[in-house]
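Following are the structures in question.
You will see chain A twice below: alongside chain B first, and alongside chain C after that.
Take a look at the complex of A and B:
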């Protein structure tokens, strides 16, 4: 695969903050790549560095194998879509879409043709004579994408383009963007703080924190095998449960001791080779990889995780339980069923864990143990 | 809720002052413009529109009127507003010592009393000892007598220097009302500074520009300070309307005629103000 965008030790410092910290990344041609992270993680600064709106303090940016680090924005052949769409209120939709062409001195007839083409691509052909204020948020968003599209850039840059839309429109626009990007095959870099958006749209995701990429992987992999506890905690809604525990040997059988419970996994021995050296671990378990059972007999000696239901939230087809175990809270997501609907706040439950899906993280460096 | 009566009571002191110092003198002036009131003459007679007839048939009056319009157009509309907008644009979205320096210097030039500024400029432009000619001398050119050879140019530059700060400050704030993404979109597609002024700033700041032009036009129209630089001369080359009024009223003591010129200035100002207000209303 051909490389479209590459960073080498890309660093950006503002007065006393390091926004981007020696970032190394390769983005392939035609890829839909998301930069995901909490606010202040450096994702937007990274995007602005690619556009040339900021100058790197250190490091290099390559576009199509050319070092563009010192190029002004217009020589980079990129197009950017902003969160607020940045449509010019005094221009018609047609003039807005055609603005990049006008600045670049494209002849008027040629311009009209390309505006029409871009507008039809975005299904806004009938809006060309209106002004931005006469359009809905979703339509304005399409206009801003059309304006980015019109001069056929080699890279598309999106800065949270969907966050000003309401929930229903956002999903519609998301599907549309994904479809359009695959159809056009233009390399796309997409900044968002919304993990579900990144998972839905991107081929690959870089999860950023404090100016560094914590994990760069395919969306599926980011979700199922978060590289460290930060990613585990950031991706997924609700996020992965993280349980601190201690490894104890009971003869040949390893036992995991949490705050006030013990867990024994049947296949833990197979994994023990990797786990043996450590006596402290963090277990990562997705809410959907656990099951709740009501404890009917109070006197029975229970093994495994035992706790009390703290809250029940209905999520349509699923129900989210928060279970208080000692001082920690665990979230369990169940498909709603008759059995589940009987569980209520205050019930004593035991939590069964789908062992095969458990991830083990080092308690020291918080990294995934493979 | 304050009743209308109470509200009026609160407004009263200001209204009284406005009436005494602004409205009453204006009407007093209008009354005098219809008399031959003079400190030299014995009695004051009501002479109707005779002063205005004298004015409109006087070449000196027309000279002053044309000079005033020239002065307003070049020093205020083109100069102050243009330079102010350009400075505001150049430093927009930027920070650093240069911005602070220019900004502070511009504001200082606006805050220093006009008389001080005028004398500083007279010193700066002096033929023999002026700084400008000294600088020109360094590069091997011979300086000229600025205030005598390019008097109109001199007072125009003086007024631009003096007043650009106001427009700069106004436009600096106004530019902040345009979302940064509008400029960044233009940057990414490669728009030049002129493109940005023409395509983003002028259309989006119409109302701010209108207010700015209204204010500086009126201020400049009434400006008397150029007198301190050129005294209206040489000859009558810089005798703008306020200076002409001064000569008539206070040098020749023809208060009636002076009042008539003031009335004309008032009329021009009111017309310009109405034009601007109408424009702002339409926007």
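Take a look at the complex of A and C:
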């Protein structure tokens, strides 16, 4: 059974904080949906509202068009995986996984069968007689997922389930979760503050800040077309470069003036009209959409962005350069190559920008200019 | 000079310590030695001809044995009541946001020894008299429960506080009712705490003399602590053989309770929350 989830003006206020602020969202049947945001953005509160652990101050939650806002957790038929797993220490793994079935009054033989099935699905079949304290972090995490899926819930809720695992296990568990979700087809809502996790796992992502969704889009779109500078700055590692510019019109050609450089683009036709109306704007460029060239001739009159290499970080197949231009820092990601290995800290370089990939943001409301 | 002074101090210190130790150990030695003597006295002397005669006399004394049953009824009854009520009350105090919760807990500590204390004896006597509970097991059980509940709740609250809320939330989402959560999750997790409260309460009640002495009338309902007091002959001289054997039997439950809980629980915790 597939279930869609919908919020209408969902609001949750705690004493003097608005944790979730008139949130409107629709999560489709069978979708893997991520709520992404910095801590305190209201993503976990949203999840707890769906689970029924919190009551909304205002607004409604729908599961399959049925208003469940006032239903107790039991009647919502959702399952949740907690950040600390919350495995009951006094029960065996088998009892832990079977607990949701037990409280629902499923007969013992039936229960055993379904526990076995869930455990085998998560490859923890041989651990059933142990206790949680005898398991590794990765195994505990699988047990908590098994406990969540054992009663075939209509919606899966994950609250940062991978944050307690070490880096290698996290990637393994991530792949596994993605595979499992697609196989079971259960609507899944996944809370995380790790943008790479959200990008890797989710079909669609809502980036939240201060209880509101800044952007709700497919993972690809969130990465390539962040709706505002907050999203641009939050998604991607390292984040997008944001350059404050003044717009100077030289006849029909807009010249963008940064702190101490000017940038002129050759191909601006589709955006020209909107740029004309503004005095200021913010350029957004992903680190991989730029290129560095060493300035050999010191006397040459340089145009474009010129600066000095501040730091070089090796990321395996790629190298990350931090270039100091005036008072701002720009990050450029290059594929490792012969050319790149010659660049060193202190070198004067000019930064070339891949024009087609540049995004323009309004200086006032920080929103993307289309 | 300094070395001599230091040495002298050492010698004096050990001498005083040993003296003090003996002072406390002697009564215990007396308790374990005297019941086996054929000529029991107040002196600590190893039995010349070890005998079980004193024990046989105690066991054949119907009144003495009846007192054991009374002690068991009163101590177990009160302990059961205290542990159950304290667990429920502590759970509520720990989980429910109550205005002035801190003050309630503070008052609990403050009044923890008032009910079973001497100051409350007269009002307590009148209260039970009005309720028609004087000279009943129920009256004693209720009075003891009232006396030890504050301490019990206070001790237990700490244990409930240490149980992570996520366990409960996880159970709530799993569809468990409040009763199921308390029975399946909370009770097992605060088990060690309940044992602590139970042992503490049981030991206190088992050894309490004043409360049953005042609130009970008939000999057939007196607990051991009071019964010992009546083992004198016609001219008021204590029957030392009987008393010592009876006393030894009297401490056996407490000592075995302590050994059992220490073996079984050892008061260590295992956790399932990864932090």
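FYI, the second predicted complex is superposed on the first by the 365 of 370 C-alpha atoms of A that agree within 3 Å, B and C clash if a C-alpha of one lies under 4 Å from a C-alpha of the other, contacts with A are read in each partner's own complex, and residues count from 1 in each chain.
Here is the rule we use: a residue touches a chain if its C-beta (ideal position, glycine included) is under 8 Å from a C-beta of that chain, and two chains touch if they have at least 3 such contacts.
All of these numbers come straight from a predicted model, not from anything done at the bench.
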item: Contacts of A:140 with chain B and chain C, given as first, second, both or neither; value: second
item: Contacts of A:42 with chain B and chain C, given as first, second, both or neither; value: neither
item: Which superposed partner A:239 touches (first chain B, second chain C, both, neither); value: neither
item: Partner chain in contact with A:56 - chain B first, chain C second, else both or neither; value: neither
item: Contacts of A:100 with chain B and chain C, given as first, second, both or neither; value: both
item: First (chain B), second (chain C), both or neither touched by A:284; value: neither
item: Partner chain(s) touched by A:82 [first = chain B, second = chain C, both, neither]; value: both
item: Those residues of chain A which chain B touches in one complex and chain C touches in the other; value: 51-53, 73-74, 78-80, 82, 84-86, 88-90, 99-100, 103-104, 147, 151
item: Interfacial residue positions of chain A with respect to chain C in the complex; value: 51-53, 73-74, 78-80, 82, 84-90, 99-100, 102-104, 131-133, 137, 140, 147, 151, 157, 164
item: Complex contacts: residues of chain C adjacent to chain A; value: 164, 166-167, 169-177, 180, 184-185, 188-189, 191, 270-275
item: Complex interface listing, chain A residues touching chain B; value: 51-53, 72-75, 78-80, 82-86, 88-91, 99-100, 103-104, 147, 151
item: Chain B to chain A touching residues, read off their complex; value: 179, 181-182, 184-191, 195, 199-200, 203-204
